[in-house]
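Just below sit the structures, each encoded as structure tokens.
What follows is a pair of complexes built around chain A, which joins chain B in one and chain C in the other.
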Partner chain A sequence: MTVALARQPIHEDLHQSAVRQTLALARRSVLGRLRQPAALAPSFVFPLFFAALSASSYSRVKNAPGFPKVDSFLQFGLAAAVMQGAFFGATSAAADLAVDIEQGFWERLMTSPVHRTSIVIGRLMSSLVVGALQATVFMGFLAALGVRVRSGPIGIVSIVVSASLVSLAMSTLMSTFAIKTGSPEVVQGMFPLVFVLMFLSSTFMPRELMHGWFRHVVDVNPISYLAEGMRGFVIERELSGWRFFEAIAIPSIGCVLALLLCLRALRRRLAQM
Partner chain B sequence: MTAALGEDRTYGVASDPRTATVIAFMVKRSLIRIRRIPAAFLPSLAMPVFQLIAFGGAFAGALAYAKINQALDWYVPLSCLQGAAFGAMGLAFATVNDLRTGFFDRLRMAPGGRAATVYGPLAASMVRAIIPLVIVSAVGFIGGAALPGGVLGLLTLTAAALGVAFCASGFGLGLALRMRTLAAATLTQFAIFFALFLSTAQMPLDFIQGWVKPIARLNPMTNVLRLAREGFLGEVTWQDTWGGLLAIAILGTLTTVYAVRGLRSFDK
Partner chain C sequence: MRRFGDIVAVDGVDLAVQEGEIFGFLGPNGAGKSTTVRMLTTLLRPTGGRAVVAGFDVATHPAEVRKRIGVALQDAAIDPLMTGNELLDLQAVLYGIDRSRARLRAGELLERVGLTAAAHRRVGTYSGGMRRRLDLALALMHEPVVLFLDEPTTGLDPMSRLTLWEEVRYLNKELGTTVLLTTQYLEEADQLADRIAIIDNGRIVREGIPRELKAQVGAPTLLVAVPDEQRERAREVLVAFGDIRPTAEGTLGVGLRDGAEGIAMVVRSLDQAGIRLHRMELNEPSLDDVFAEATGHSLEGARSRLLEPAAGAPPTKGRRRRGGRK
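Now for the complex of A and B:
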């Protein structure tokens, strides 16, 4: 009885300490990313540049048959910019983790009395925060250029949540490679694969303008649904359950799957240490 | 003695016949590196092929609206030029690596003029550009790209790709010799990216609206792309050819001067 009573507070203490450790590591991770503006800048600048470039190059395409009804191509491109920002940012977050491993900081953390899962989740939290920040900055910047989110405040919040989840899912997936290899070069080298997935989807153009085998690939690529869900909040006035499923549930499922992979990679690395 | 050494610092191609031998060896070394370090060369091959497939599928509908029915006809030349230009970025990486390992100093002591250390990589980048040119074109033709311009169309595409490789590597080399860090390669990549995409890379000039249009009109890369594409979009005409050749000649001269001056500042 005495043992059972004594165990409970210890267990709660451990749980609380794991949460505290996660929060402390998350804070370090977020500050670490925000203190490197040079590393963070491409994930803000490039998506906005692409959005502006596409808006100018494809502005007349919005009149093409099958193109959704939009105010401007920039409005159509908002979701693509948010997605790109999340993907870009996720790669650099995972590369940071690989740098930690390469420089030995990771091993020092592992030998410290810190909960192992806290180390991983703490590191990944920066992606969640940066993803939300990117989506907010992009929407603010494009709003200044006249782009409106038609579904209103709920749509805006949903886009921010979706961007955070996409960023978290992608950085967790990329962190799996970081933990497996411990090489920032390998993680950076994975970016073209991410880039491939984004271009083989309807992120940049509506599916209605695609044909043949490419259309079939786009139809089965989950990123297409994710982009369309996010875009739905921008270009549709009415909120639908399907759009929430596409924009929120798909990246949430992605987060869970990627986290399972990441923790498996972590266990394997620890077994080798 | 110092004065004599100083006089030996020649930067012209024809200053010493041994310079040509050194250039030939540098080209050979560059080709051997492809076999020895394929990971350094493969991205310059894989990315244009991927871009060709992805852009050809994703933007086919947009191009059809601009009356270009086969998107690959539009994107094969762009991807060839990009492959050629990516090679230049690899060259900037290789040069920085040579500077760090001290191999570049050994090259400077090679017989012949100092210019070989500039003209060698420039020649190598043009030879290496042939590889993405052949592979990207082959993928394009397998995918259904047409070449109504025939052999002349292939010649104009080759001239444009080699010209872009030459100009981009001159720029990358000039930057690498001045900065001597890997940031030179990153900056070269950015420069190539902006030069290519702020032109008619994505859509014909008539279809572009807004801020990109005046930039694309003035960007010499628009002329080079017209030169590369003319054989894919119709017959080859002098009207579509001369602008691209002139742009390559001017950019080639400027970037070569930039690279040679970079070498001079390195020597100092």
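Now for the complex of A and C:
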């Protein structure tokens, strides 16, 4: 089959840039998230609601032996709120990618000369931005309630960076399933599983208060280290290299591993076309 | 060719679309139109055979093909959260158009498709027709050599359909854009396409210029309404001018052997026989007749119904009359 020859050498002056394409697609994904306040609100409201509920229910737990020295349970719970927000945001970003596939925008992109990895990375950028925004809002809101980040400005910035990386890593991982299935329902359906993994970690309680098999599970759950790293910036005055490793390096490694999985899923999907 | 497991969706599609023409790809749902377009637009890899678009093989040089084609697929999948302007900006970046040129081009296209006033609004607020027009503008942003329109007017109201047809004609006549259009609407293919191919069950069953294809089907049908008591006598007169064809109740139909030129003779003969003529209507063969002749079933209306020629039906197989069509 033959469809028309070129009537002239076209578009010789067009220069596709993967960076420009990724940034343009990232802008679209961020705008898309911000323009859905009803979908965005739960990821801001629920973690704060959960933090307030925990603070009122477990206020006296902070006096238990082995519990870290904190001003309030709310201070202890700040990292948990940030983590929850990051996971909420990650789910939405991955679901947005699945919606693109389901509703045909993906095909629009596929018929254009856009770099294939830009499509995925651009889509995931919203989780990075929203993760940072959530962390900032949570810290600002809890600061108004008297919660201090003891490690100061460097700790605050580190929490924001960590939240972004956690959100990006999780959304990238979930995007693997979005690309495989093209189903927003499957991606949304994974959120309870993520939430269970959070409960099987030291996100909501310190490891020192846990025993038996539960403690073993928490010890091997990477989410425990993310939460403890982030929490370390909140409740410890001294900045330690270990906390940076937990809060920044681990999610960074997670991002790379998740991206490798995601790009593998992308290659497979493209090969099946 | 394209297989999905054991199912052969497209097979034996062998055609050449010439530069600067509007080519209509006509067929019912599931005939293989969209699968063919998806292969030509690099969305699906052919599992056999070869396809060349704008001088490049779709399997070996898909990136080159993508730079040269514009695609508006079914359902106009446009992000409802973005504005028209934002989507055109995005399209420009994806194709590597520099900012100043993109701005000019976007302005021209928005004006062309009548969306300048709505360009700052989110697409979610657009009507179906506005979305299709924006979809068209997006497909044209990089001045493609070949434009693929996959059922561009499905679901549109008549006014929006006419507007889109005008736009396609303009692109083709004024800008020389080659257009490959898939449609299940006979009128659309008839109105727009310089040439058409009819696809059924994944195979091309007819290809050519609509007028010639219709002429090949056979003579036009003259419908004659006469008083009931004179019907038998009228039939005896009409049979001298061609084969009697099945018609709606109350009329007689004859396939005019001499074409439209035979009408005067029919009128004279009926008059000489003393038959009172209530009404006459000449129906040229339609693309549906072409389709029916090629496949044995009709495309429009009862798509799945096999045609059963009534008693006294013409020798052409599967013919179905369509009153008042060109």
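We adopt the following convention: the second predicted complex is superposed on the first by the 257 of 273 C-alpha atoms of A that agree within 3 Å, B and C clash if a C-alpha of one lies under 4 Å from a C-alpha of the other, contacts with A are read in each partner's own complex, and residues count from 1 in each chain.
Basically, a contact is a pair of C-beta atoms (placed from the backbone, for glycine too) under 8 Å apart; a residue touches a chain by one contact, two chains touch by 3 or more.
No experiment lies behind these values; they were computed from the predicted model shown.
Once chain A of one complex is fitted onto chain A of the other, the partner contacts of A:144 are absent, as it touches neither chain B nor chain C. When both complexes are overlaid on chain A, the residue A:205 reaches chain B alone and has no touch with chain C. When the two complexes are overlaid on their common chain A, residue A:53 makes contact with chain B while staying clear of chain C.
When the two structures are aligned on the shared chain, A:38 is found in touch with neither chain B nor chain C.
When the two complexes are overlaid on their common chain A, residue A:196 makes contact with chain B while staying clear of chain C.
Looking at chain A, you'll find no residue that touches chain B in one structure and chain C in the other. Of all residues in chain C, those touching chain A in their complex are 13-21, 23, 36, 40-45, 49-55, 63, 66-69, 71, 73, 75, 77-79, 81-82, 86, 89-91, 93-98, 122, 138, 142-143, 145-146, 176, 178, 180.
If you check the complex, the residues on chain B that touch chain A are 43, 46-47, 50, 54-62, 64-66, 197-198, 202-203, 207-213. Only residues 1-7, 10-11, 14-17, 20-21, 24-25, 27-28, 31-32, 35-36, 103-105, 107-114, 273 of chain A touch chain C when the two sit together in their complex.
Considering their complex, residues 52-61, 63-64, 66, 192, 195-196, 199-200, 204-206, 208-215, 217-218 of chain A touch chain B.
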